[in-house]
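Same chain, two partners: chain A is paired with chain B first, then with chain C.
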Partner chain A sequence: MTQPQLEIQAIAVVTAIACALPGVFLVLRRVALLSDAISHSILLGIVLAFFVAGSVTSPLLIVGAAAMGLITVVLVQALTRTKLVANDAAIGLVFPALFSIAVVLIARYSGDVHLDTDVVLLGELAFAPFERLVIAGYDMGPQSLYLMGGILLLNFAGLLLFYKELKLATFDAALAAALGFSPALVHFGLMGMVSVTAVGAFDAVGSILVVALMIAPPATAYLLTDRLPSMIAGSALIGAAAAIGGYWLAHLLDASIAGSIATVLGAMFAVAFALAPQRGLIAVARRRGRQRWEFARTMLAIHLLNHEGLPEAADENRVEHLKDGLGWDGDFTAEVVKQAKRNGLLWEGEGALILTDSGRRLAESAVAA
Partner chain B sequence: MLTIFSDYTLRTVALGAGALGIVSGVLGSFAVLRKQSLLGDAISHAALPGVVIGFLIGGKSPLALLIGAAGAGWLGTLVVRSIVRTTRIKDDGALGLVLSVFFGIGLMLLTFVQRQPDASQAGLDTFLFGQAAALVRSDVVTIALLGAVAIATVAVFWKEFKLLSFDPEFGTTLGLPMGRIDVLLTTLLVIAIVIGLQTVGVVLMSAMVVAPGAAARQWTNRLGVMVPLSALFGATAGVSGAVISSQEAQLPTGPMIVLSASVLVLVSLSLAPGRGLLWELWRRRKNRKRLSVDAVLADLYALDLQHEDEHPHSVAALNAMSAERDGVGEELKQLEDRGWASQAAEEQWVLTDAGRAEARLRSRSASMPGDGRASEEADGRLGAAP
Partner chain C sequence: MTSFTLAAGQVLIHGRPYAEQERQVAYVPQRGSVDWDFPTTVLDVVMMGRYGTIGWMRRPGGKERALALEALAKVGMQAYADRQISQLSGGQQQRVFVARSLVQDASVFLMDEPFQGVDATTERAIVLLLQDLRASGKTVVVVHHDLQTVADYFDWVTLLNVRRIASGPVHEVFTEENVRLAYGGRVAWLKTEPAATTGSTTAR
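Moving on, here comes the complex of A and B:
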C-alpha cells in the first residue's frame, strides 16, 4: 500500500465515523432527512462566506456553512410551526430554494474562481491527500485528515458530555422537558454537530454522500441491536468498514471512491435487512414458519382434548379423521402428528391418537389462555 | 420580454418547463397531501443508476435514459416501502438511505463507465442541474406526451386517488385494492420526476414536486380546485423561470424555475385568504384590539360601581388600572362609537346606560360558574328532586 492510499483510507474512515455519531441520533429522532437539507444548503453558506472572505481556503467558509446549516433547520421549523405546510414539505421547500440561490450566485459572480458545484455535490476523495498541512517546513500529512479528525473529536466529546441529555431527549422528550432539559437546545446542539460534520465532510465525499455516511450505518446498526451504546459503536464500525471496503472497490473498478463507499454501505444494509438475527427478513420468515407448526400442534392437542373420553373419541381421534376435524390435508397432518409425537404430546394406540400428560397440559393451558 | 413569441429556443424551453410544471404540479399535489413530499427527492436521486444503465444499453437515446431512470426511481420507491413496512426504520431514514445509496451506486457506475477507454464523456452535470437550455423540440414532445398520459390517468382514477389521499382505510373497507392504487400513483409521480430531470436536475426536482402543491394548498380546501391550481402554479413557475433566465447571461434555468416556484409559495403562505400569515396577523391584531376594548369597558364599569350616581372618571385612572396599557384613547373612542361611553369633560369619561347594561351582562356571564346565585339555584333544584 502506498502512502496516498493509506492516507485516503484514513481520511475515509475518520469521516465515516465522524458522520455516524450524529447520524445515530438523526435516525432515532426521525429527522434523517434534515441531513439531506443541511448538506445541500451549506453550499449557500460557503458561497456567501466566500464573497466576504474572498478565498476558498478561508476558515470563514466553514463557519458560514455551518451557520447556514442551522439557519436551514430554523427555517424548516418556523415554516412547520405556521401549520400551513407539513414538516416534510417544509424541508422540501427550504433547501432547494437556498441551494438555487447558491447556484445562481456561483453562476453569476464566481465564474472564473474555483468554486465548482460538482465538487461540492460529489467531492473527490482521491484529491484529498494533495492538500498538505506543512508546519515549519515539515509535511505533517493531509489537511483534511486533521480537519475531519478534529470534527470527529468534537463529535465524540459532544456525545460523551451530553450522552444522557441526548438519550433522554431522543427516547422521551416529554420526560426530558419535565426534568428541565431543553429538548430544543438538545435538538439544536445535534443540528450544529450535523452542520459542522457535513461541512467538513462534503469536501471529501460530497454533500449527497454525506447523507449516506450519516444515515446508512445507523440504519444498519438499528436492525442489529436494541441498545443505544451498541448501536453507536456498531454504526462507527460499519462506517469504518464501508470506508475501507469502498476504497478498494473503487480501486478495483477505477471508479469514484465516495460512490463506492455508498455502494458498500448499501450492500451492508441489504445484508442486515435480509439476515439480521432478530429483525431480518429471513429471521422473521423462519419465526413465522415455526409459529405455524407450533400453532398446528397446539390445535391438534386441543382437538384431541375436546373428544377425549367421549364415545366418538375412537372415531374423531384417528389420523385419517383429522382431515375433516381440522380441515388439514394428509401431508400436513402426518407432519404435525410426527412432530407432536416427537415432542411427547401424544402417542398412537389402537388406531387413535391419545394425549400424553404434557399434551393435555399444553391443550388445557392454550384453551385457558 | 416579448421575445418568448419570437425566439425559437426560448419558446421551446418555456414550453418544456411549463409542461413539466403542470405535470409535477398535478402529481405533486397528491405527494404533498399524503405527506410524501420528500419521496420526490428520493426518486430523483435514485434515478441516477438507471440513467447510467440506460446509457450503457441504449446509448444516447433519450428514451433509453428515461426508461432507465424510471425503472431505478420506481425500484427506489419499492425499497423505501419495504423497509418502512418490515423494519422499525421510519420514512425519513428509509428515504435518506435509498436516496444516498442509490445515488452513490449511480455515481460509482458513472465514473466506472466514464473511465472506460472508449466511452464518450456523458456529463453528469446535465443530470445534476438539468440543462433546460438544451431542450429541443423532441424533448418537449416527450414531456408533453408522457405528461398527458400521466394526467389522463389521474383523471381516470380521480376518485381512487382522492380516497387514497384522505382515507385509505375507508377505501380498504370498500374493497378497493388500495395497495395497487398507491403503486399506480407512485408510478405516475416517478414519470413526472423523470421527465423533469433533464430540465431542472436532480437536486431541484424535489422542489418542483413540493412547491406548486404546497402553494395551491393554501388557497383552497377542495382537491378539485387544488390540483388544477397547483398545475397552474407549476406552469407559471416553469415559464417565468425560463423567461427570467433568458433575460441575462449566466442565470441558470433550473434554479430560476425553482426560485420562481419558491416566490409563489411565499406569496401563497402570506396572502392566502383565511389561513395566510398576513391574514393571521391581521386577525390577531383585531382580537387584541377587541380584548383591550373589553378590558377598558370592564374597568370603567368597576369604577362606576363605586358610585351611586353617574360619575365621570379620568383617563389617568383607567391608564393606571392595567400595567401593560399605554393609552386608552382608541379604546374609549371605540366604546363611544358603540354608544357605551361618552366624554364628560376633557380627559373625563362616563359609562352610558347602555354601556352599564352591557358591562353588567358580561361580568355576569364571565362569573357564572362560581356565581353564588347559580349554585343556589342548583341547590334548590337538588332539594326539590326527591
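Moving on, here comes the complex of A and C:
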C-alpha cells in the first residue's frame, strides 16, 4: 500500500466514525433527514463566512457553517411548530432554499475561487492527501486527517460526557425536562455536533456521503443489537469497515471513492435487513412459521384432550376426522400429526391419536392460560 | 410537566410555584409517550428516574442500580430487569414507568391513566403501591376513568368536564348527581354498586 492510499483510508475511517457517533442519536430520534438538511445548508454558512473572511482556509468558515446548521434546525422547528406543515415537509422547504441561495452566490460572486458545488455535493477523497499540514517545514500529513481527527475526538468527548443526557432526552424528552435536563439544550448540542461534523466531512467526502455515513451505520447497527452502547460501537465499526471496503471497491472498479463507500454502506444495511438474527426479514419469517406450527400442535393437543375418555374419542380422534374437527386440510393435518409425534405429544393406537403425558400437560397449560 | 403550557391559573406544589418544586413531582406518563423499541433495558429505564439527583455529566452507579432494582421488586418486575423494553406487555410497561417514578424521591406523584388497558396483575400491583405511597405520606394524583373503582382506590376526587364539577372526599362528592353532571347525564348509575366516575383523585 502506498502512503496516499493509506492516508485516504485513514481519512475515510476517521470521518466514518466521527459521523456515526452523532448519527446514532439522529436515527433514534427519527430526525435522520436533518443531517441531509444540515449538510446542504452549511454551504450557505461557508459562502457567507468566505465573503467576510475573504479566504477559503479561514476558521471562520467552520463557525459560519456550524451556525447555519443550527439556523436550519431552528427554522425547521419553527415551521413544524406552526402545525401548518409536517416535519418532513419543513425540512424539504428549508434546506433547498438555503442551499440554492448558496449556489447562486457562488456562481455570481466567487467563480474563480475553490468553492465548487460538485465538490461540495460529492467531495473527492482522492484529492484529500494533496492538502498537507506543514509545520516548520515538516510535512505532518493531510490536513483533513487532522481536522476530522479533531472532530472525532470532540464527538467522542461529547458522547462520553453527555451520554446519560443524550439517552434520556432521546428516550423521554418530557422526563428529561422534569428532571432539569433541558431537552432543547441537548437537542441543540447534538445538532451543533452534527453541523460541525458535516462541515469538516463535506470537504473531504462530500455532503451526500456525510448523510450516508451518519444514517446507514446506525440504522444497520440498530437491526443487530438492542443495547445502546453496542449500537454506538457497532455503528462506528460498520462505518469504518464500509470506509475501508468502499476504498478498495473503488480501487477495483476505478470508481469514485465516496460513491463506493456509500454503495458498501447500502449493501451492509441490506444484508443486516435480511439476515439480522432477531429483527431480520428471514428471522422474523422463520419465527412466524415456527409459531404457526407450534400453535397448530397445541390446537391438536387441546382437541384430543377435549374428546379424551369420551365415547366419541375413538371416532373424533382419528386422523381422517381431524380435518372436520379442526377445519384443516389433509396435508397440513398429516404434517402437524407427524410433528406432534416427533415431539412426543401423542401416539397412534388402533387408528386413533392418544395424548402422551407431555401432550396432555401442553394442552392443559394452554387452556389454563 | 414543563412541556405543558398553562392555559390559565397556576400550579402550586406544597404551596410554592411548580418551577421551584419540579423535583418534588414525579410524573407517570401514558405508555404511548415513548418509543418502546428504543435499544435499552428495563433496569436502565428505571435508573433514568435517578438522573435528576445525579446531575449533569455524572454517571449512575451501584447505588442507583440498587434503588432501581428495589423499585422493580415493588412492582413485581425484578425478573425483567435485563429485558429489552420492547419485549414487555402493556401492563409491564406501565409498571416500569411506575417503578421509575418511585426512584425519583418525589413527594407528589402525577399518574396519567395508569390503569388504562392494563392486565389485572398490573392493576393490583399499582393499587397496592398507591396505598404504600399514601401510608408513607405521599400525595398521588391519578387521572382515572373507571367509575367502578373510584370509591375503592381513592380518598379524594375531583370531577372534571371542561370545568371542575366537584372536588372533595369521595364519600361526599362522588354522588350520582355530580357524576351525571360530569358525564352529561349519559351514565348508568347503579344504586346497589359503588359505581361511577371520572376525574383526578388523590390518595393522601
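What we mean here is this: the second predicted complex is superposed on the first by the 369 of 369 C-alpha atoms of A that agree within 3 Å, B and C clash if a C-alpha of one lies under 4 Å from a C-alpha of the other, contacts with A are read in each partner's own complex, and residues count from 1 in each chain.
Methods note: a contact is a pair of C-beta atoms (placed from the backbone, for glycine too) under 8 Å apart; a residue touches a chain by one contact, two chains touch by 3 or more.
Everything quoted here is computed from the prediction, not taken from an experiment.
Asker: Putting chain B and chain C on the same copy of chain A, do they fit or clash?
Answerer: Superposition check on chain A shows chain B and chain C fit without a clash.
Asker: Looking at A:Ala212, would you say it contacts chain B, chain C, both, or neither? Reply first, second, both or neither.
Answerer: first
Asker: Report for A:Leu168: first if it touches chain B alone, second if chain C alone, otherwise both or neither.
Answerer: A:Leu168 contacts chain C only, not chain B.
Asker: Quick check for you: in the superposed arrangement, does A:Ala178 touch first (chain B), second (chain C), both or neither?
Answerer: second
Asker: Does the superposition put A:Tyr222 against chain B (first), chain C (second), both, or neither?
Answerer: The answer is both, since A:Tyr222 touches chain B and chain C.
Asker: Which partner reaches more residues of chain A, chain B or chain C?
Answerer: Comparing chain B with chain C, the partner touching more chain A residues is B.
Asker: Is A:Leu154 touching anything from chain B or chain C once the two structures are fitted on A? First, second, both or neither.
Answerer: The answer is neither, since A:Leu154 touches no partner chain.
Asker: So in the superposed three-chain picture, is A:Leu281 touching just chain B, just chain C, both, or none of them (first/second/both/neither)?
Answerer: After superposing on A, A:Leu281 lies in contact with chain B but is clear of chain C.
Asker: Is A:Gly92 contacted by the first partner chain B, the second partner chain C, both or neither?
Answerer: First partner only, chain B.
Asker: In whole Å, how close do chain B and chain C get at the C-alpha level once superposed?
Answerer: It comes out at 7 Å between the closest C-alpha atoms.
Asker: Following superposition on chain A, which residues of chain A contact chain B and also contact chain C?
Answerer: On chain A, the overlap between the chain B and chain C contacts is residues 222.
Asker: Could you list, by residue number, the parts of chain A that touch chain C in their complex?
Answerer: That would be residues 28, 161-165, 167-168, 170-181, 222, 225-228, 231 of chain A.
Asker: Which residues of chain B touch chain A once you look at their complex with the stated criterion?
Answerer: Going by the criterion above, the answer is residues 32, 35-38, 40-41, 45, 83, 86-97, 99-112, 115, 124-125, 128-129, 203-204, 206-207, 209-211, 213-214, 217-218, 250-252, 254-256, 258-259, 262, 265, 269, 272, 275-277.
Asker: For a test of understanding, state which residues of chain A touch chain B in their complex under the given definition.
Answerer: By the definition above, chain A touches chain B via 27, 30-33, 35-36, 40, 79, 82, 84-86, 88-89, 91-93, 96-97, 99-101, 103-104, 107-108, 111, 117-118, 121-122, 208-209, 211-212, 214-216, 218-219, 222-223, 249-250, 253-256, 258-263, 265-266, 269, 273, 279, 281, 284.
Asker: State the interface residues of chain C toward chain A in the complex, per the touch definition above.
Answerer: Answer in residue numbers: 1-3, 22-23, 25, 27, 29, 33-35, 38-41, 45, 48-49, 51-52, 54, 56-60, 84, 86, 100, 104.
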